[in-house]
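Both of the next two complexes hold chain A, though its partner changes from chain B to chain C.
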Partner chain A sequence: MAFDPDNYGLRLFVRYLVLCLIALIFIFPLVFMINSSFKPDNQLLADTSSLRAFLPVGDISLDNYFGAFRRAPVALFVLNSVLVTGATVLLSLLICSLAAFSFAFLRWKGRDVVLSIVIATLIIPFETIAIPLLLLVSKLPWIGLEGLQWGWLNTYRVQIIPWIADGLTIFLFVQYFKGLPGELIEAGRVEGASWWQVYYRIVMPLSGPVLATAAILKFLVMYNQYLWPLIVVQQENYRPIMVGLGYFFQLNVAWGEVMAYLTLITVPVLIFYLFLQRAFIASIASTGVKG
Partner chain B sequence: MNLTKHLAGVMIASTCLCVPALAQTKLTLWYHGAGNEVESRTLNQIISDFNTSQSDWTVSIESFPEKSYNDSVAAAALAGNLPDILDVDGPIMPNWAWAGYLQPLPIDESEFADFLPGTKGVWNGKLYSVGLWDAAVALFARQSTLDELGLRTPTVDKPWSSEEFMAALDAAKASGKYEFALDLGMNDQAEWYSYAFSPFLQSFGGDIVDRSTYRTAEGALNGEAAQAFGKWWQSLFTGGYAPGTSEDPADQQTGFIDGKFAFQWNGNWRAVATMAAVDDVVFLPAPDFGAGNKIGAGSWQFGISAKSKHPEGAAAFIKFAAQDKYLAAFSDGIGLIPPTPSAAQMTKNYKDGGPLAMFFDLSKAQALVRPVTPGYVVQAKVFTKALADIANGADVADTLDAAVDEIDADIESNGGYGHR
Partner chain C sequence: MASKLTLSNRTGWTFALPGFALIFTFIVLPFFFAIGLSLTNQRLLSPNPTQFVGLENYRQLLGFAVVTLEPERDEAGEVVRDEAGEIQYPRLRAITRSDDYPQYRGMREWFRWQSGENVMVVIARDVVFMKALVNTFLFVLVVAPVQGGLALMLALLINQKLRGISIFRTIYFMPVVVSIVVVSLLWRFIYDGQNGLLNSILQGLSFGLFQPVDWLGDPSTALPAIMAMSIWQAVGFHMVIWLAGLQTISPTLYEAAAIEGASKWQTFRYVTWPGLRNTAVLVLVVITMQGFALFAQIDVMTNGGPRDSTQTLVFQAVERGYGKQDISGGSTISVILFAIVLAISLIQRWLTRER
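Take a look at the complex of A and B:
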């Protein structure tokens, strides 16, 4: 049978076949990780040379999960990451949207120059400022329940505050705000609304897509934090999940426990994403952000 | 009046009761073994024993994942946040001493006279650190393989010569029973390359750097002996004797056990697991390529941070931890080599006639510490890259010359690292 390029059904079949193959390539590492988390090390390593690596076959048990909890305080690491990530995302949405509101709607001297500088920070890799930032936070004061303290090392705040505001999130909000109908803002002002009221009664209720995008992007950055907590946190009590992964790499690597730990920290994110999938895709499409 | 007397009495009594608590000064210890249950259990026991054995000091531990430990220490040093007692990898010690992270131990070196040389961190004539164990590398083989291939069993006193070693690889290859004759663990391109492979170079008569001055690698890493080493090294891969840099990491853990390799160059930390899986495993000493048979030495050690305000307390802890019973406990727990002969006799694996006793002899007879210089940190990376490139087919002379240039440039840009 000759290939007929005008055959719609055939074209659809080929298209879905290719898409399925691509999907399989992306999903294989996850399938491998989850299946391997139930296998003992010797079987896990032996299976890597065959398709058994992707199947839950052989000596299946939860031993690796028990082992992971024995080896490291997994729950503490997850709690730390959730706390730091959640707090940073919420504060980031508030602070960055306020900054963007100012750039988009208020008239003040030097606004465009400051916005250019904020956007220019996008090209500076974090690694280049990590050491100066470390020196800075190690000497900053803080007034807490125990009075005045110097130095932010080994705290939650050192993992949260430096990451609240960033150029990309502000830029996203500015771009989105500029696309909102100007008449709405003007109408609000004419009716006597203050700028603060315009912000939280008119602009923010219309900003669902950009809020979702900014939240997800910030979530990914914060949940995967490694370098910064590595250098500012020397106490286990404040360690996040990615630094905790190092607990499993000894001279003899316990691969099954590595896979169990990775599953424990990945699956919740996947479930979270599946629930928000529709909103995420819609928001990406509306803000024009590409990963 | 009576009330005043009572109050005064209570205050005096409470002050007196508080004295022992106030006298206990807190010392902090940073350790690289987070996630290592056995190591942590032993170390926690030592700390607990130390804290209850006297009333002057109390040690508290903070454990870090090994892979990121050095970065954490470097960051803490920058921020002025180092602890009293630091765990340091032997070859890194000179760098930390030079960088001002460590101070010399206020303990006479003679107190560790019977320790294996690789467990003592000496730089610029001063003792900076002491290890509670050492590690060694050997050639893992099966006795049945040696018998089938008609090979002599080498000993520490009479190791295989270069010719005997290559004949053994040829015989294994010709037998057709193995995927490769030799596994070197080429996928692990971290410290393993300089630890495990630089002794081959030294056995040829070369070195990573000229140890007489530590100011150049010229002649040591690109001289005649180094060129001969480089050609031999490349021949292992072009000749199909060993898998190259793209080797499956799983093979280093199970390849020898599964019979894929006739020989495996591996550390004694894999010995216990291998013994459990292979009945007739034997651990053979490194071959002698002409300038003596060598293996690497130097593992994790304890030192005192330069910022510690209580070096005498930190030293008291290190001396306490260096007791034979703890050295033996570590060895029994993690399978590494106890530093003293007396501690070795207390262990199940390293006592006379023990299954791993030969590793103690290997460490004593063949061990050569990696270059004792602050520049080693960079030199190890350059050496690793050069060996990987040569294994992947790069020109030997050009690669070694380039490595020498890179090492020399680094030494120069760091003012010679304090070597005159």
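Take a look at the complex of A and C:
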């Protein structure tokens, strides 16, 4: 018979076939993006009516990449995003882990109230506070090299500071710290170490997994920022990559250059993900603890 | 002297203060700010001083009414019909602009339906907001079960013991790490009406029988198209959460089920599913929160169109609060959005509470 349900080899084949077909559904837009980035506009648009859209065929060149750099300050946008993302991730790891250390190991007046406020913020979606936050940051003071200034719009700080601390990151650290053996901390204290020393000599060296989780989650949020920089940054000098995309849609749209730009900002993240995929997936899975 | 080890008010506050101060300033404060602003007429740049207006903003957004239009009749009391035999009705303006009905003044038609000889018209003070509200609910009502269900199926598929299975897990998860802005732009090519990839594929599969559709340009397909793309983008995220849940189920339960001779379905129904209860709540809550925050897809793909068929609450909040500098209007939508999210997460928790 053609189909024997007990045929192990055939069943295995069908399973892999299903898995591969599903994989195609997830991968085809990215394949299209990368291949299109090497094609001139007229060919790119013509190819979408056939399988050629997914193949690097025809007039292949790097022209779109050069074109993208000519059309927009691509390097500046990438630099802005890297700067904002890097600064926020580092500051977030430091400040959130310090707060979590205090919640997990120290006893102080008001601790439980403060911790419940922090946890309660988990149910406030950023989108619901974006508009009042815009009004707030437009009036905040700042003391910089030029003295006292009012208003944070069009700066790096407006993209960094509001994103440093969040309930989820602190919560992840607290959960992890509570799982560490308490004797280690007590031993450190008995030997006369200050709390600061306990934090960076004992706890931090044991916190590799949670630091990776928190860093990856924050990285994904920050690198892909869109709504917030869209409303607080009008000046080109401070624009991150996703908002910089708007540059390609002024006047006539050159789709090849758009694809080149998209490839340029996406492929590094994909490579990063492929190398660290276990850590990426573990970090998403660990947000599941919050239920 | 145990207290010496643990009670430390000064250090405790010092360590927690930077984080707490930031959360307080940039999350808690704007949250209460939103509530306060929604009771005023604040604009970003306005020559007029800000005034307290009470619940006026909410009345403006949420006000709606149902009015009945009776057919036009001639002197003899007969229903007037046009040449095609269609019943003639008075214009809606006769009501919304009439001094007889001051409560309907300024309202516009939202939708209507026929009821016998009469026509019932739902009029609203802010039709665009009403459409945004309905679209957002529709989006969540469709995406939450479909995305959650597909993610569970993928998780069960990936949970098999097969050589190379982690490669598939890596691929299914891949769209999650790609920015939603990038994804939305790529899908504009897929949904294009002329020679979009989706039309090409459907025409190829149907041997040319399929008529091309302008997926994002047609009010009846635009929102479903955005739903499908959003499901595609984040389904891997929820697959991973389901997987984490699946791995907490003790293997001995499966062994017991196998010894009892349970079928695949029975094993799922009586072993797997009960073990996933908490995960199910989490997945639903997270999808609901993400769904109500729908913005980037709309901003990149449709701008709320065609004919307001893809307006959403966040898109409207941003368009008013930022685009039109109407801070109080945007804040009011934000507060309504938060109230909905809070209510739904409470309902979801209650429905799936421990029994």
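Here, the second predicted complex is superposed on the first by the 250 of 291 C-alpha atoms of A that agree within 3 Å, B and C clash if a C-alpha of one lies under 4 Å from a C-alpha of the other, contacts with A are read in each partner's own complex, and residues count from 1 in each chain.
We adopt the following convention: contacts are C-beta pairs under 8 Å (C-beta built on N, C-alpha and C of every residue); 3 or more make two chains touch, one makes a residue touch a chain.
Predicted, not measured: the structure shown is a model, and the values here were computed from it.
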(message) Should chain B and chain C be called a clash or a fit once both complexes are overlaid on chain A?
(response) clash
(request) Have a look at where A:142 lands relative to chain B and chain C in the superposition and call it first, second, both or neither. (result) neither
(message) Quick check for you: in the superposed arrangement, does A:134 touch first (chain B), second (chain C), both or neither?
(response) both
(request) Have a look at where A:252 lands relative to chain B and chain C in the superposition and call it first, second, both or neither. (result) first
(request) See if chain A has more residues touched by chain B or by chain C, and give me that chain. (result) C
(request) Mind working out whether A:70 is in touch with chain B, chain C, both or neither, as first, second, both or neither? (result) first
(request) For A:42, decide between first (touching chain B), second (touching chain C), both and neither. (result) first
(message) With both complexes superposed on chain A, which partner does A:231 reach: first (chain B), second (chain C), both or neither?
(response) both
(request) With the two complexes superposed on chain A, say which partner A:153 touches: chain B (first), chain C (second), both, or neither. (result) first
(message) Out of 99-107, 225-233 or 405-413, where does chain B collide with chain C after the chain A superposition?
(response) 405-413
(request) Could you list which residues of chain A make contact with chain B in one structure and with chain C in the other? (result) 45-46, 48-49, 131, 134-135, 138, 230-231, 245
(message) Quick check on the complex: what are the chain A residues that touch chain C?
(response) 12, 15-16, 18-19, 22-23, 25-30, 32-33, 45-46, 48-50, 53, 95-96, 98-103, 105-111, 114, 117-118, 121, 123-136, 138, 161-162, 164-167, 170, 186, 189-190, 195, 199, 220, 223-224, 226-227, 230-231, 242, 245, 258, 262, 265-266, 269-270, 273-274, 277, 280-281, 284-288, 290-291
(request) Name, in rising order, each residue of chain C that touches chain A in their complex. (result) 5-9, 11-16, 18-20, 22-31, 33-34, 37, 42, 44, 154, 157, 160, 162, 165, 168-183, 185-187, 189-190, 192, 195-197, 200, 232, 236-237, 240-241, 243-245, 278-279, 281-282, 285, 289, 292-293, 295-296, 299, 314, 317-318, 321-322, 327, 330-331, 334-335, 337-338, 341-342, 345
(message) Considering only the defined contacts, which chain B positions touch chain A in the complex?
(response) 30, 33-37, 62-68, 71-72, 75-76, 78-81, 248, 250, 253-254, 258, 267, 269-270, 273
(request) Spell out the part of chain A that touches chain B in their complex, as residue ranges. (result) 41-42, 45-46, 48-49, 70-72, 131, 134-135, 138, 151, 153, 230-232, 234-236, 243-253
